[in-house]
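The two complexes that follow have chain A in common; it is paired with chain B in the first and with chain C in the second.
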Partner chain A sequence: MEKRKAASNDRWKKTGLVILFVFPALFFYGTFNLLGIARTFYYSTMNWKGISANKSFIGLANYIAVAQDLNFWNALKNNMILVAVSMFIQMPGALLLALLINSKIRFTKFFRTVFFMPMLLSTVATGIMWILFYDPNFGLLAKLVKALHIPISTAFLQGNTALPSILMVICWQFIPYYMIIFKAGLTNVPEELYEAARIDGANSWQCFINITMPLLIPTIRTSAVLQLVGSLKYFDLFYVMMGGAPNANTELMATYMYKKGFTEFQMGYASTIAAYMFIICFAFACIFLYFTSRKGEEA
Partner chain B sequence: MNPKLKRNGMKALLYATCLIIMVITGFPFVFLLINSFKNMQEYLVNIWSLPSKFFFGNYKAVFKPEFLRYFVNSAFVSAVSVFLIVAVSSMISFAFAKMKFKGSNVLYFLIIAGMMIPVHTTLIPTFTLLSSINLSDSLIGLCGPYISYNIPISVFILTQFFKEIPREIEEAAIIDGCDTIGIFTKIMLPLSGAGLSTVTVYTFLNTWNEFINANVLINTTAKKTLPLGIREFYGFQTVNIPAILTAILVGSLPVILLYFLAQEKVVNGLTQGAVKG
Partner chain C sequence: MKKRGLALLMVTAMTVTSLAGCSGGGTTPTTAAPAPTAAPAVDITTEAAPADTGSAELTKDEITLTVWHIAIDETRHKSVTNATERFMEKYPNIKVIEVANENDPYKTKLATAMAAGEEPDIFVSWGGGWLESFIDEGKVLDIDEQITEIADEYYESALSLFEIKGKKYALPYACGPAPVYYNKQIYADLGLEVPQTLAELEANCEKIKAAGITPFALGNSSQWPGALTFIYLSLREGGKDAFLNAYNRENGGTFEDESFIKAGQKIQEWVDKGYYPEGCNAINYDTGGSRMLFYGGMTAHIVQTNGMFSNCRSEAPEFYENNLGTFNYPIIEGGKGTAKEILGGGNAYSISASCKYPKEAFELIHMLTDKEFGQDSVDIAGVISGVKGVTMPNELTQEADDLVKNADYIQNFYDQFLPADMGALHKQTTYDLFGKTTTPEKAAADMEALAKKTLDQ
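The block that comes next holds the complex of A and B.
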């Protein structure tokens, strides 16, 4: 009897301790993340202009409206360009830089230190700095273009040129980040493998294809998922560099959501865009992980 | 070709590539520094060379109470957020790593999945929630989303750290009369210094540089954080480019200093989650 009471006391004590340790984090995560997503989906079914407190249930009407909204599709297209740039320019670029600072030359530590520096500026600082660099008259690039007599327009942030200009800044900012991730992956490749391969007469290219790449696949996969989700939800530089008002050339899903929600106060409609973003991010990540994991097993 | 010559040629090519990339990544910082000592007239005439004489007006324009206020605000939000992130994440990670309880795996997965959630998905709910409790235009309110969005990655890193601490140490502590809370505070935390500092650096950089939540939630100038402040400064000083460059440099100084003092920590902090994932 005494024993059972003690055991039950113990269990209560253990439950109490678990709650004590779990609750604080769960409180924040539940309030902002979990409940946040639930409320986004709830708002997305409402006709709700943010300034008035009145909302009315309209079912999937917002979803249909967003699906027919050409601006949304245009934004999604720009997001896809961003995905492509991150996959086919940023990732190979980062891998190249990682190989460079992993190669047997001197001062690699110093080079790494400098290569990583773009990551130290906040996105806002980066964006404004590059607006000034891109300035059509007084900017660094305009002066460079004039000094070298390159026959291109210096209106870098106007019209069709705006998108590639911003994409270049994104590469400037993020290639160093993925460089460090790849460098960490390269450090984990055991040196003996290369020695053994060289004894067997393999050249550098064969070593890279047959040793480095296969062992780097998990790192590449993680980075690719980060890139994918990151590009689909991207906001900061486009918003900052377009002065808070991206146009059709530079609109992304997130900036369009922001415009609808916080400048036009169509909170219900904006929530639907957010819901679509959530679904698209999740679906893309799942599809990507599913296909790459199968490939990984075959290799 | 002579193999030695070939190898030297290869090396020269590698060095040349490194130098070019170094200019691309590093020169903007040199440019910020050089031009922060020029006035607008000199900047217009010559942007490339060193200043003809040192001009401190830009620093005077930046080191004014309004701009320093942004610093204080960012420091406050970052300090409160980082402290609470580390506290609550280490607690729940301890529960995941060392206390087996019903549903712990499901809950762990639910929290880790949060790394995939775009912040923007919950921007409107965060705004309406904080408005409804009068915390929308407040630095304390801003800490809420900062804490919650940094929990997944922190829990991910810390749970792995706690799991690697051998059970024998815990058992020895229990024999010595240590209770669960004692094990957490006297054993787990002191032994996880590397993990805790990684999380601290990572979440500090995140909160110090955060933009979109601050942009939505904070309206009052006196409450703006540094990224918002730099934008505001840019709005006021559009005709004075060197002053803006100076503001960018000064605003980024804490992170740049942190990087040069503890480079490994910053690099690890920024990339650990991705590598381990």
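The block that comes next holds the complex of A and C.
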């Protein structure tokens, strides 16, 4: 009896300690994340301008309106393009660069610094720099196109060329970030494995396929989820580079939400868009992780 | 299994954080109790004695008034602090806290503060639909009567910019007409005269083009710079009534009026003729793409707001001294518009409905916009204020001031004037007109369709 009491006392002490340590993080997480999300869903059922406290409950009317809003679907389509570019261009690109700076060629430190530099710039500075680069009259690219007499319009940030132009900048900015993550993953691959494989007569390609890739899978999965979620909620460069007014070609869910909430004062509607974004992000991440983790178990 | 649980936890964490970033719009806490319907703007005129606004009746208590403004750059800020210092000298018991804000973040900041019930006593606005949103929510004090008493100190046209539903809600401290800016050197070299009619302007443009210069600079990436031309053309074509009738839904006015369609046609005609630089929709005004074309003599004109004066003065002082000239937008022969109708915008101070000391606040905004301030503003910052009796320091400010003085109507920029969603569509459709991804008829029809939804209620 005594013993059991002591044990339960001990357990309580432990739990108390855990709560004590977790509390600060939990407090901030709860206030600024969980509560925020809960309120987003609450506001999404309201007809609310966001200027005063006047609001009225309208149930799911906002959800139906957003689902019928072609601009929203168009924004989602642009987000999907961004996801695809992240997955199929950024990731391989980052992996390639990571392998490059991990190999035993000269000046790897130099290249590592150079490759990583775009990541150090603030997004707005990056955006403005590239606006100047793409300027139809004075931009470097326009001058290049004119000097080479390539018969295309130099209005890059307009019409159909706007989206690819910005995607290009996003790749430029984010490839280094994933490069560093992959580099960290590569560092963790034990050297002995390669040595053993070499002794068995494996060439570089076989080493890559049979050692590097399998051991890098967890890193790749993590960065893929980061990219997926990051691309679905992306905002900054599109907003900056389109002069604060993205149009049908370049509208994203987040920029559309901002437009509705802060320039058109339809905060309830904007909250609904945010709620959809949450649901979409959540669903995509769950599906992705479900499938990739199954593969992991089989292996 | 454990792994999957961990993974799911990670997903939740990540998506949750992602949303915290993107749902800022939805998470503004509200402290005020919700009212069932939009309250009408609070009326203080009942308690304020009409005839005298002298200092005698102002409180002797130690109080504080907060002012949020957007005079962030040093010169404009100086003219504001000079005025608040004069005020505090006159009323030592009242402390004025002035907060200078960046232009664009200010809009979000004020809306958030309003929603939270933590708005300042005095705030700056651009008039039009933006201010009207706040009025509709009962957030702005009705100061129509007090303004009427001192109305003859200001230009009528400047005050009219801040008249909403027949009432004046704000005192103007900056009033800027949008003229056509031109390069005097190019005009002199080619022997051109300042045009009075659109036909003359087009004739000039042909000669300018023949000389290998693009007639107009335009950086329309952010959509509003091109809208200025559209508004001017429709204003000259249909007069102010075409727009006001369409907006007020009276006298059979619609946004499909032929003046709007003709304005769209003219824009596309000019785009086709090469009056605008290549890819004008992809040029960013804020980073200087269009202004460089103008300063560099590669284009002859630019239609811009009065902000162009200060931009030019700091970015290209020599050009400002020697080359910069302005003229009123030419009239269209046979059009209903006159040269006395100009396009412009301004800034003004309003008082919050929640302000505890409305009389003192009004005295403050009066001093923040009076003649002394107006003189300061134009001397220090080169900004015309809309108050009468100010001596203009140079020819350019004189030209701008004359425009305001001679005007009997200032058309506020549509995107300021219209409700926010219509303002956004107006900019989008003119952007599409310049990019030739819509037709003038379709642009007008789109506007009218939204007007039916938004205004016919």
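Everything below uses one rule, namely that the second predicted complex is superposed on the first by the 268 of 299 C-alpha atoms of A that agree within 3 Å, B and C clash if a C-alpha of one lies under 4 Å from a C-alpha of the other, contacts with A are read in each partner's own complex, and residues count from 1 in each chain.
To be clear about the criterion, a residue touches a chain if its C-beta (ideal position, glycine included) is under 8 Å from a C-beta of that chain, and two chains touch if they have at least 3 such contacts.
Just so it is clear, the model here is predicted, and its values are computed rather than measured.
Chemist: Please determine, from the superposition on chain A, whether chain B and chain C clash or fit.
Modeler: On the superposed model, which is not a single observed complex, chain B and chain C clash.
Chemist: Check the residue A:282 against both partner chains and state whether it touches chain B (first), chain C (second), both, or neither.
Modeler: both
Chemist: Contacts for A:271 in the overlay, against chain B (first) and chain C (second): which applies, first, second, both or neither?
Modeler: Both chain B and chain C are touched by A:271.
Chemist: Kindly classify A:115 by the partners it touches after superposition: chain B alone (first), chain C alone (second), both, or neither?
Modeler: It touches chain B, and chain C stays clear.
Chemist: May I ask you to decide whether A:263 touches chain B, chain C, both, or neither, giving the answer as first, second, both or neither?
Modeler: After superposing on A, A:263 lies in contact with chain C but is clear of chain B.
Chemist: Looking at A:97 after the superposition, I want to know if it touches chain B, chain C, both of them or none. Which is it: first, second, both, neither?
Modeler: first
Chemist: Looking at A:181, would you say it contacts chain B, chain C, both, or neither? Reply first, second, both or neither.
Modeler: Once the two structures are laid over each other on A, A:181 reaches chain B alone.
Chemist: Looking at A:7 after the superposition, I want to know if it touches chain B, chain C, both of them or none. Which is it: first, second, both, neither?
Modeler: A:7 sits against neither chain B nor chain C.
Chemist: Which partner does A:21 reach: the first (chain B), the second (chain C), both, or neither?
Modeler: first
Chemist: Regarding the shared-chain residue A:172, is it in contact with chain B (first), chain C (second), both, or neither?
Modeler: It touches chain B, and chain C stays clear.
Chemist: Could you name the one stretch of chain B listed in 163-171, 235-243 or 253-261 that collides with chain C in the superposition?
Modeler: Stretch flagged for C-alpha clashes with chain C: 235-243.
Chemist: Across the two complexes, find the residues of chain A that touch chain B and also touch chain C.
Modeler: After superposing on chain A, chain A residues 32-37, 39-40, 43, 128, 131-132, 135, 138, 226, 229, 232-233, 235, 254, 257-258, 261-262, 267, 270-271, 274-275, 277-278, 281-282, 285 contact both chain B and chain C.
Chemist: How about chain A: which of its residues touch chain B in the complex?
Modeler: 14-15, 17-18, 20-22, 24-29, 31-37, 39-40, 43, 97, 100-101, 103, 105, 107, 111, 113-125, 128-129, 131-133, 135, 138, 140, 143, 172, 176-177, 180-181, 184-185, 219, 222-223, 226, 229, 232-233, 235-236, 239-240, 254, 257-258, 261-262, 267, 270-271, 274-275, 277-278, 281-282, 285
Chemist: Any idea which chain B residues touch chain A in the complex?
Modeler: 11, 14-15, 17-18, 21-22, 24-26, 28-29, 31-32, 43-44, 47-48, 84, 87-89, 91-92, 94-95, 99, 101, 107, 110-111, 114, 116-129, 144-145, 147-149, 151-152, 155, 180-181, 184, 208-209, 211-212, 216, 226-228, 230-231, 234, 241, 244-245, 248, 251-252, 255-256, 259, 263, 267, 270-271, 274-275, 277
Chemist: If we count contacts the way the header does, which residues on chain C are in touch with chain A in the complex?
Modeler: Residue list for chain C touching chain A: 3-4, 7-8, 10-12, 14-23, 25-38, 104, 107-108, 111, 114-115, 117, 133-134, 137-139, 221-223, 277-287, 289, 292-293, 298, 420-421, 424, 427-428, 431-432, 435, 437.
Chemist: With touch defined as at the start, can you tell me which chain A residues reach chain C in the complex?
Modeler: Interface residues on the chain A side: 32-37, 39-40, 43-44, 49-55, 128, 131-132, 134-138, 153-159, 162, 225-226, 229-230, 232-233, 235, 242-245, 247, 254, 257-267, 270-271, 274-275, 277-278, 281-282, 285-286, 289-290, 293, 296-297.
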